[in-house]
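Multiple structures follow.
In what follows, chain A forms one complex with chain B and a second complex with chain C.
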Partner chain A sequence: MKRYRKMALTAALGAVIGTGAMAQELYTPNMAYRTGPFAATGIPLMNGQADYMTLLNERDGGIGGVKVDFEECETGYSTEKGVECYEKTKGKAIVTQPWSTGITLQVLPKANVDEIPILASGYGFSPMADGKVFQWAFNVPAGYWDGADMIIQYLEEQGSLDGKKIAFLHLDHPFGKEPLPVLEMHAEDKGFELVPIPVGLKEMQNQSAQWLQIRRERPDYVIMWGWGAMNAGAITEAVKTKFPMENMIGVWWAGHDADLKLVGEDGKGYKSISWSFPNPDAPVMQELREKVIDAGLSQTNPEEAEGVFYGRGLVMSMILAEAIKNAQENFDTAEISPEQLRWGLENIDLTEERIAELGMEGMVPPFSTSCANHTGHSGGWMLEWDGEKFVKASDLLKANVDGYRDLIDSSAADYAEANAPWPVNEDCAAE
Partner chain B sequence: MFAEIFIDPWVDMFAAPDFLMQVLWEGLVSGILYALIALGFVLIYRSSRIFNFAQGIMVVFAALTLVGLHAMGVPAWVSVALTLGVMFVLAVTIERVVLRPLVGQPDIILFMATIGITLFLIGLGETIFGGENKVMITGDLGIPTGDTVLEPFGGLLILQHLDITVVIVATLLVIALLAFLNYTQMGRAIRALGDDHQAALSVGISLQTIWVLVWFIAGIIALVTGIAWGARAGVSFALEVIAYKALPVLMLGGLESITGAIVGGLMIGVLEKLFEIYWGQPLLGGNTETWFAFVLALIVLLFRPQGLFGERIIERV
Partner chain C sequence: MLYRTAGQFKTSYTADQALFPVRQDAVLLGIVLLLVWVVFPLTASEFAFQTLLIPILIYALAAMGLNILTGFAGQLSLGTGAFMGVGAYACYKMVTIFPELNPIVAILLSGIFSAGIGVAFGIPSLRIKGFYLAIATLAAQFFLVWLFEKWAWLYNYNASGAIQVPNLDMFGLYVSGPQAESVTEYYIVLAIVTLLTVVCINLTRGNLGRTWKATRDMDIAAELIGINLMKSKLTAFAVSSYVVGVAGALYVFMWKGAAEPNVFDIPLSFQVLFIAIIGGLGSIMGNYLGAILIVGLPVVLGTAADTRIFEMSALAGLLWLAGILAVAFLFWVARNLWGVAAALGFGAAMLLYGYAQTQGFRADSALVEHINTMIVGALIIFFLIIEPHGLNQLWRLIREKLIIWPFPH
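The block that comes next holds the complex of A and B.
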């Protein structure tokens, strides 16, 4: 009996210590995919995200003096596993980072009930921009509809699109279909023909049929909404079929250095819209090299650390860290709740000065969020492959959000109606 | 609608014969690669009645080993030889550790064991080589990468030298394999095991040796397939998905038929491409390649449940 009492006491003590230890951290799980067919694009992004948080932990002792627990839950980009990860981590998480449009769509209604902010940086369901309806979801700093709009703007700068033909090569997946409403809207307004060309998950490595169609259709431009192995497959086929690379533009997930290195010089001229840009000379990179990479606390390698995706991972974590800091300052507490973090995410004000203060000059455009604006609409740069690396090929492009505001509002309203009863943030509506 | 289905596609084919030739060429290249993967499945199934779920990951593992060894400074062709050595060690290990203890177990147990091998190889591969996309060492292996542009009927036909090489090498490999199976003692032993397990064992054919041999041959096929696919779009774990394209080939050709794997692979490669280009894209919005081969196999199975070249099994009840 005495022994059992001792065991119970030890367990209780352990629980108290454990709870205490858990309370001394900011648990921000990341639904990573370092395995599976999309791992090639996932790894540098996850490394960048993790390394920024490691830097904060090493340099500043965390955020507001509290360490960040940036635990990864591996999904392999599988929606089912992503939902499992969400369920597993939601108990103590202050945020959930679903890392796939498919997973985002699945956890969207759940997070609304559990009241945990979803942070889907640059992906997910575009109408999440409407903070009144999607009060727990954020796709800062830009959504897919922003990306589609900026690409069309850029193409229009090259000449009128009236009578032109644009092939839309996309992954046959919720992510790939996401920009279609805005592209269709522009096709109607600007008088170009849009030819959607889906690529199945099993066909990512062998896109000869899709590129035969492109050869037959003779489009003026190809817009690519690719991810993972699809990008490498498309770019090598484009080179093979001699499609002019300067007329091919990808979304930000199709601008991965490693995919272009497969074709090297032959890929010269290929473009990708991007809301982030790597800057190896930025002060934050110097600190990362000193305190994280050279200290052996990172999984990255020097070459990857200078790429677009690693830099984007850093920006993603910086945005989350800024939101946490906002919440800590506003609520005067270091250990914030998910609801307080939501406030933090709704009050991001990333000015040029603040970006410079963070040592990330030129790595992300300035943007701000609000209760009603959960995307930020930062805009982005058109990047171009110069045969060795991506370089900026345009000034900052800004999406003309007012042009598809009605689409955002109606899609958000449709979603709320289809998922009724769906609570709407009435305070926000009053803004 | 009648015209769109029954007339327009044929008109398109005759109107642009150069394009039709390009479609047929691309279909042939895909088909020969499907046939290669299917051969890996068939060899193992014939000799052991095991459906090898691990064939796809073996492709990835072989390609990763080759690229990984070369990245460590090993010359390209030495890396090929060493990779073959690794595939041999893998074959011996699988036979010793996984298959031998399971002799006599129901087929489903052995199938589940190959799923276990798949998961193990995924983990091992990711631990050793990481999940990043890697560039296949095409140039170092001396594989040509340019193209030949022809102008048949005043049109355009682009033949990639890489694709031509793949077709030639794959054809030679298939011929060598057929010669091995038909004209060597070991090859005949493999076929004997496939035809009648008990009879083969009773005349002294060693099950262990044959299993190691077929898994090693499957490893060689995996390496060739890995080089061919890896040269097209890089070496990553996404290559594993390619193996699933062999499933309808096996359904169509028959699980135990080598001829079936070759004919089935070529048929599916060419027909799925023709259907996608002339019917799928104009009428169904494209991406029919994900299901066409399965529907074709299903139709064949309705009339020939054993596949086009499979053996008809009649059992007394």
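The block that comes next holds the complex of A and C.
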């Protein structure tokens, strides 16, 4: 009985203190995956995201004077855990960051009912670019269709694609199938032959069958849409079968330093399109080292902090922080609601000057969003592995969004129709 | 004392063979039904519906389907996940082809498709047994998941290859899809699960169930006393796959809302098999106990790790205390000191964790996840060691001891 009384007392006390502390926080949970089959790629991203928010909390006391609670909810990349995390956090969260195409697919219709913005930086469903239909979903700064378009543009710069053969090695999963419509469209326009080669989830680590097919088909280029263990598997197989690495191009999730370090010099020339770049000399990196990493507030190590994925995590959190700041300034309140954050995400204007002001020169291309444009279409750089690290191999490539505008519109309309009644943003004028 | 049977006389054979020969069993079931039909829906949060109540019921139903095949008829199956997938895809095709179809009817009909596929893959069971049959059902598992990926008609040529549940309404009330309220979905799941449980209890106690059990215990002997083995095995496959298929349709339509083919891959089959084994093969109630342990416990532990133990509300604290003491008491009655020690040890660990929290200790979510997996794994081993026949048998032993408690002889 005594124990119970003590417990009740602490409970009452805790309630008072707890609510006091809770009131001054921006709760932006992250559905992290530091465990499970994709942990190796997840950890640097999660660290980058968390460290940027820690930096803001340490340096500026949060955003607009309110601390950011960047709590992680562990999913292990499993959709069931993801839904659990979504339900657990949605009560007080101002944003949800689902972090896997599977979880995004499930959370997308729910968030439209619960009215919480989904921030899926560089992943998820490409038609989310249509902000009128997907009013609560954002895949800034670039979607998979942008990525596919930029890769084709880059290849065209190397010479006409007419009569060429391009193998599309992809994960047999919603994520891997995502760019197919745009690639098929280009294949028809530009006269190259597209050979889709799926890799099953169970065959990620052993792709000998797929690479045998690649050897037989003799493609001029291999475009890879891989994630997690699939990338390391493909890169080691490519080296083993002596495929010319300079003709192999991955999506941004296939540009993980650790995967390339496995093959080192042999991987020289491998490319990956990316909307982020790690710039160790950027002022923000200096500050991170001083205030976060050396202060022991981070789980990262110096080697990882120079990688592409860590830098990408920083950019993701920076975009969220910008949106929060926009909303705070516009609505003149420090504690914003999910609806106000949506406005913030729809009014990001990241110019070169603003990027420099944030100390992130060269780490992300400038872009802006609007109520109709939830992606921003920042474009990106082609990164190349020089044997030790990734370097920029091209100027900024901009996706030619008008080329597949119809596809975005029709896919978004199909989605809305299949999920009717699907409330759309009627107030938003077309661009 | 609590379970005293003295004074409950049976004066006819019918009374002696009734479903509940002991009155307290019926009372206990009444309390459980009252809880799930009235108390939980009124009190549960959105989180509890979506992560505890609905999934536990659906997994329990899937395990019940498997249990009919493996536990009652003795045919080992590793294809449960794929049969759930057949139900889900059949339901998806039906509601997209006939949008006017009542969703509940669609869900109940979708089991028929998986029953058909189940019988087709059950035909090898007429010739092979045991591990060899398990391999044959494994083939079904691989083949069907491959089919879900490759046959684009199944997912209406959707670019992402996933099926997405549309908003379905019934008499103006959304029952499925993102617009549906959790409580509506819960009541539908509960109604279907209750209905199928009653059907399964009656089937397994009746003529068909006895032929299944005879087939399980010794098929040659069963054949000698005139049981048609083909009929017995194939009906087991049909009924089992029907229930599993309905569970699959509920799994996607009432819970997940969207599913890609690999959701139905072998990990799902194993999970359902674990529930059936931990719960107890050849029992109905065991499936619920197993689902609570395997599906519910990780969620409860994860939530407990997130709350500050000394700051939780008085009611929650009281519930935890009562739960731990009740488990300890039941193990005490069953003279199982390991169980008592485990329950009290769990309570002590919680207090210790609460104390560490007051000292500023914070477990990050990845660590919690690792520890959670370890605890659940350890509990599975623990229950299998103290009672290899599953939670259902454990409850039966406790119940027998309760009848004579507090006098051990």
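Criterion: the second predicted complex is superposed on the first by the 412 of 431 C-alpha atoms of A that agree within 3 Å, B and C clash if a C-alpha of one lies under 4 Å from a C-alpha of the other, contacts with A are read in each partner's own complex, and residues count from 1 in each chain.
Quick note on the criterion: a contact is a pair of C-beta atoms (placed from the backbone, for glycine too) under 8 Å apart; a residue touches a chain by one contact, two chains touch by 3 or more.
Everything quoted here is computed from the prediction, not taken from an experiment.
Enquirer: Contacts for A:79 in the overlay, against chain B (first) and chain C (second): which applies, first, second, both or neither?
Expert: After superposing on A, A:79 lies in contact with chain C but is clear of chain B.
Enquirer: Which partner does A:172 reach: the first (chain B), the second (chain C), both, or neither?
Expert: In the superposition, A:172 contacts both chain B and chain C.
Enquirer: Looking at A:92 after the superposition, I want to know if it touches chain B, chain C, both of them or none. Which is it: first, second, both, neither?
Expert: neither
Enquirer: Go through the superposed model and pick first if A:35 touches only chain B, second if only chain C, both, or neither.
Expert: Touch partners of A:35: chain B and chain C.
Enquirer: Which holds for A:228: it touches chain B only (first), chain C only (second), both, or neither?
Expert: In the superposition, A:228 touches chain B alone.
Enquirer: Identify the partner contact of A:354: answer first if only chain B is touched, second if only chain C is, both if each is, neither if none is.
Expert: neither
Enquirer: Return first, second, both or neither, reflecting whether A:59 touches chain B, chain C, both chains, or no partner chain.
Expert: Neither partner.
Enquirer: Regarding the shared-chain residue A:240, is it in contact with chain B (first), chain C (second), both, or neither?
Expert: It touches chain B, and chain C stays clear.
Enquirer: Looking at the overlay, what does A:201 touch: chain B (first), chain C (second), both, or neither?
Expert: The answer is both, since A:201 touches chain B and chain C.
Enquirer: Counting contacts the way the document defines them, which residues of chain A are shared by the two interfaces, the one with chain B and the one with chain C?
Expert: 34-35, 172, 200-202
Enquirer: Which bits of chain A are touching chain B when the two form their complex?
Expert: 34-40, 42-44, 172, 196-206, 208-210, 212-213, 215-216, 228-229, 232-233, 236, 240-242, 258-259, 261-262, 304
Enquirer: Which part of chain B faces chain A closely enough to touch in the complex?
Expert: 16, 19, 22-23, 26, 29-30, 122, 126, 130-133, 135, 147, 158, 160, 229, 232-234, 236-242, 244-245, 272-273, 276-277, 281, 285-287, 289-290
Enquirer: Where on chain C is chain A touching in the complex?
Expert: Residue list for chain C touching chain A: 46-47, 50-51, 55, 149, 159-162, 164, 166-167, 177-179, 256-258, 260, 262-263, 265, 299, 302-303, 306, 308, 310-314, 317-318, 321, 364-366, 368-370.
Enquirer: Which chain A residues qualify as touching chain C in the complex?
Expert: Going by the criterion above, the answer is residues 4, 7-8, 10-15, 18, 32, 34-35, 71-74, 76, 79-80, 83-84, 87-88, 90, 101-102, 105-106, 109-110, 112-113, 125, 172-174, 177-178, 180-181, 200-202, 411, 418-421.
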